[in-house]
Amino acid sequence: MNKITILREAVAELVHDGDSVALEGFTHLIPSVAAHEIIRQKRRDLTLIRMTPDLIYDQLIGMGCAKKLIFSWGGNPGVGSLNRFRDAVEHGWPEPLEIEEHSHAGMANRYVAGASNLPFAVLRGYVGTDLPKVTNTIAPITCPFTGERLMAVPALNPDVAIIHAQQADRRGNVAIWGITGIQKEAALSAKKVIVTVEEVVEEFEPRPFQIVLPSVAVDAISVEPGGAHPSYADGYYDRDNAFYSAWDPIGRDREKFRDWMERHVLGTEDFSAYMESIRKEEVVR
Amino acid sequence: MNKITILREAVAELVHDGDSVALEGFTHLIPSVAAHEIIRQKRRDLTLIRMTPDLIYDQLIGMGCAKKLIFSWGGNPGVGSLNRFRDAVEHGWPEPLEIEEHSHAGMANRYVAGASNLPFAVLRGYVGTDLPKVTNTIAPITCPFTGERLMAVPALNPDVAIIHAQQADRRGNVAIWGITGIQKEAALSAKKVIVTVEEVVEEFEPRPFQIVLPSVAVDAISVEPGGAHPSYADGYYDRDNAFYSAWDPIGRDREKFRDWMERHVLGTEDFSAYMESIRKEEVVR
Amino acid sequence: MTEARTNDKANGSYTTDEMMTVAASRELRDGSVCFVGIGLPSEAANLARATHAPGCFLVYESGTLGAKPDVLPLSIGDGVLAEHADSVVSVPEVFNYWLQAGRVDVGFLGAAQIDRFGNINTTVVGPYDSSKVRLPGAGGAPEIAASAREVVVILRQKPRAFVEKLSFVTSVGYGEGGDSRKELGYTGSGPTVIITDLGVLRPDLETKEFTLVALHPGATVEQAHEATGWELKVAENVTTTEPPTEKELEVLRDLKARTEAARK
Amino acid sequence: MTEARTNDKANGSYTTDEMMTVAASRELRDGSVCFVGIGLPSEAANLARATHAPGCFLVYESGTLGAKPDVLPLSIGDGVLAEHADSVVSVPEVFNYWLQAGRVDVGFLGAAQIDRFGNINTTVVGPYDSSKVRLPGAGGAPEIAASAREVVVILRQKPRAFVEKLSFVTSVGYGEGGDSRKELGYTGSGPTVIITDLGVLRPDLETKEFTLVALHPGATVEQAHEATGWELKVAENVTTTEPPTEKELEVLRDLKARTEAARK
């Protein structure tokens, strides 16, 4: 199966400066390893898309990879703020960050429309909020049958979608189980799809609430065990809650952040070297 | 779990004359047992909804239960026509049948809109076909962002949805695996939901492509092993292909049909008695 | 259902229906994503998968993605379709995320009636409100015709099937011909070939009118004219279809034998 | 995150935060379908599930239906939410087929700022284009506020939280008050109660302005006035909240202890 490739090459070939990129994951299976590779390859002017931007988006923004963020909730789950994200929005550091914000329902339906090759999606929401005043990708629409007024949001079709999954099989199909969030729609809405996986297996076995993304819907698969740290991979490892807390002071200080990123991300070859490096500092249990 | 009830009581309580009823099943898990109970209880003026009306709809129509059919493909899969359906449309026997026809994509998205509490759904289709000329539930709609013209179809919200599933658990959750078709959307779009199951188990085990409908989305569950005959129940029994062929001559002749229905359906108490009765005539292998 | 033996016009070694199915199967390229209807389309697609296109990815409207049936499914939702599928998804998902999304390279369709521009009728024969024959209806055909990158149509060539004017336009081919399909805004490019029991028809690049470009062995231009309800255009040099290979016949007959056994 | 011990204003045996969580948990009826946000809402909902409402059905926006966490999730998508859930569905499905569909009886929400009509801000403090504080944003809150049959809001009562005018309306309560929510066409009936560390506020039936109707033991009307950025309306006879029972405190503290352990 020729889709299995080295992540460095997949990112080099499929992620370009100025692209719109969705690295999705709903607290489960966050594609951290691919985010670090994008940072190492110094991509610029990316439009980052994500319902729940968290640490890896804080890192991409703080390292100057992004010119715009399309999102619905940006925080360090269970801890607090994304300080690099806030610094970019509040003070334009390291450079100004344009933001386009929606609700979760709006973002989810934008991916659904994108995956369905429709130009827009319809939902009940936004009316009476200030979101339409600051986000121009929200427009009223009228039901041609009932005359009822609802809101429309435009489809999302990222240049590249990147997700982390538990397994791929020999034919290049991808299996995700447990909380699968918006990953299927993100992948199917994108022009190119990169998937990092914990391992490659001969055959999938049935798992609770498993979905399978067929190989014809995937462009590149890279085997990156542990690649979702500090989030978790159901069946492989737990969420590293301590790391999320440890990130807060690191992200608060520009120098500390840059130094940390240079030492652990730019200063390492790949994710295993990165994990090695942060373990030394006991950032990780 | 108080949702487990006798099918006769569930139908008596939840299915009324004049209701819109969707008995869904996409060749797998067709709720035949519930259709027969509706016929035994002599419901009238039903608006029957189904993407793929087949033998049980032929029977409901031929027995005069329906005043209208909303559908996208009506046939005896792998065999030919639904002769009772044709007789009703072509000659108004036993009474005229109003029809509202769509494409599969249109019907599927009408259920999706219904399940989403939206008044309509949008799709790419119908343009240039004669369907909009004969079906008034198709209307053009314009994308508020791109100006692109698409087609809208109104939501389906049946009074009652009835499906057959493999298993329910003690808490009243319902498990369906294999081809799950449109059953989830049909159930979630309806005001009331009746589910017949092969068996009740303590706990579900993971199965390929399994979906679980939580008990809060179900109104009544009845244990009716074999209740999907002549269709199949993945993990329980195969499709009775011979019965589909055997149905053709029965359905072709009004007298033969009425006689058959009176003997095997009206003349029996329940589905096991019905199966007993048709087995005697070796209609079934 | 097939009347193969009875309307055999070919030389003794294979039937015209077999030639039709084999010719259709040859239209499917290996590795392509194919949306398949039940009956002749499914027969041709699975013949292709068992011969020259083992890597083709079959999608059925029941939600089976990468189906690998070992017998021909009698219904669109047979268990054999899910059994070896790469994935099984809901019906809305297969139509929205796969067909409408433009992921389907080839749609294989049958038809009750077809016109010179490849428009298809599977709804009624005669006036809609007082139809002579009520057909099953649209099913998945309109959107397959709309959104598949290209469409292959398979049906036996007869005057009542190849008609001057359809009783009902269920699925759009090239509309009124010329650019009229483009103006409808569909993403798919439309029917690229009609395979019949007599030969092969392809659309004229300009007018989009279907033209006889090949005859199966033993079939004649006269037969094709007789079997067509409009003044059939014929290419200047009509080629002759390669007859079925032994392998193709062996695999097709084995498939059908196993299917017949499953019917019992 | 919680500053419970430090801002303890109650008698020694429990904190004001504990009282707040207990009071909120009592709003959840057994058997009801509850859409839960992370933090205080999740704490209150799981306390209810572990005490008087074992049959309540918890829905988290990560797609877990009937979640039964044995520790409080730190993130909306923690594995513990899926582990014992009745079903796990996609994010579009939980918002479209469950929340928007009107299947949610109660939505539990937190807030950064709230106004007298129960409108909520979780987006920015200060002007949008030059914000003093950039908050996480909308998340699932706007549609929970829109479509849940009723909404319970939990937040500590402070002048910077209970403001005269929101910097940004992220989620709609009663809009400008009166019938203005109805005119927006939302299916849910809006926030029915605000539970704070001082007491309980409920909307006036006519004006929909939130009014102090109950004080927790030890809290005073003066404290409530000081903690509110608008001229707080007070009911004629303000009742006193039942203090936490031993069972409630025991279960809550056990829940939080297990959660703290999980953080390490």
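Going in written order, the chains are labelled A, B, C and D, and every chain counts its residues from 1.
Keep in mind that, in the parts below, a contact is a pair of C-beta atoms (placed from the backbone, for glycine too) under 8 Å apart; a residue touches a chain by one contact, two chains touch by 3 or more.
These numbers come from a predicted model, not from an experiment.
Counting hops only between chains that touch, chain A reaches chain B in a minimum of 1.
Centres computed as Cα averages put chain B at a distance of 28 Å from chain C.
Mean C-alpha position of chain A lies 42 Å from that of chain C. A straight line joining the Cα centres of chain C and chain D is 58 Å long. Shared interface positions of chain C, i.e. residues touching 2 or more other chains, are given as 87, 96, 100, 147, 187. Along chain B, residues 117-118, 123-124, 148, 184-185, 208-209, 212 each make contact with two or more other chains.
According to the touch criterion at the top of this document, the contacting chain pairs are A-B, A-C, A-D, B-C, B-D.
Residues 117-120, 122-124, 137, 139-141, 143-146, 148, 150, 152, 154, 205-210, 212 of chain B touch chain A in their complex. On the side of chain A, the complex with chain D involves touching residues 26-28, 51-52, 71-75, 77-82, 85-86, 89-90, 101-105, 108-109, 111-112, 123-131, 134, 148-149, 178-182, 184-185, 208-209, 232, 234, 238-239, 241-242, 244-245, 285. Per the touch definition, chain A reaches chain C in the complex via residues 115-118, 171, 173, 185, 188, 211-217.
Within the complex formed with chain A, the chain D residues making contact are 1, 38, 61-64, 74-79, 81-82, 87-92, 95-96, 99-100, 123, 128, 131-134, 136-143, 146-147, 168-172, 175, 180-181, 184-187, 262-264.
On chain D, the positions that touch chain B within their shared complex are 33, 57, 65-66, 86-87, 96-97, 100-103, 147, 187.
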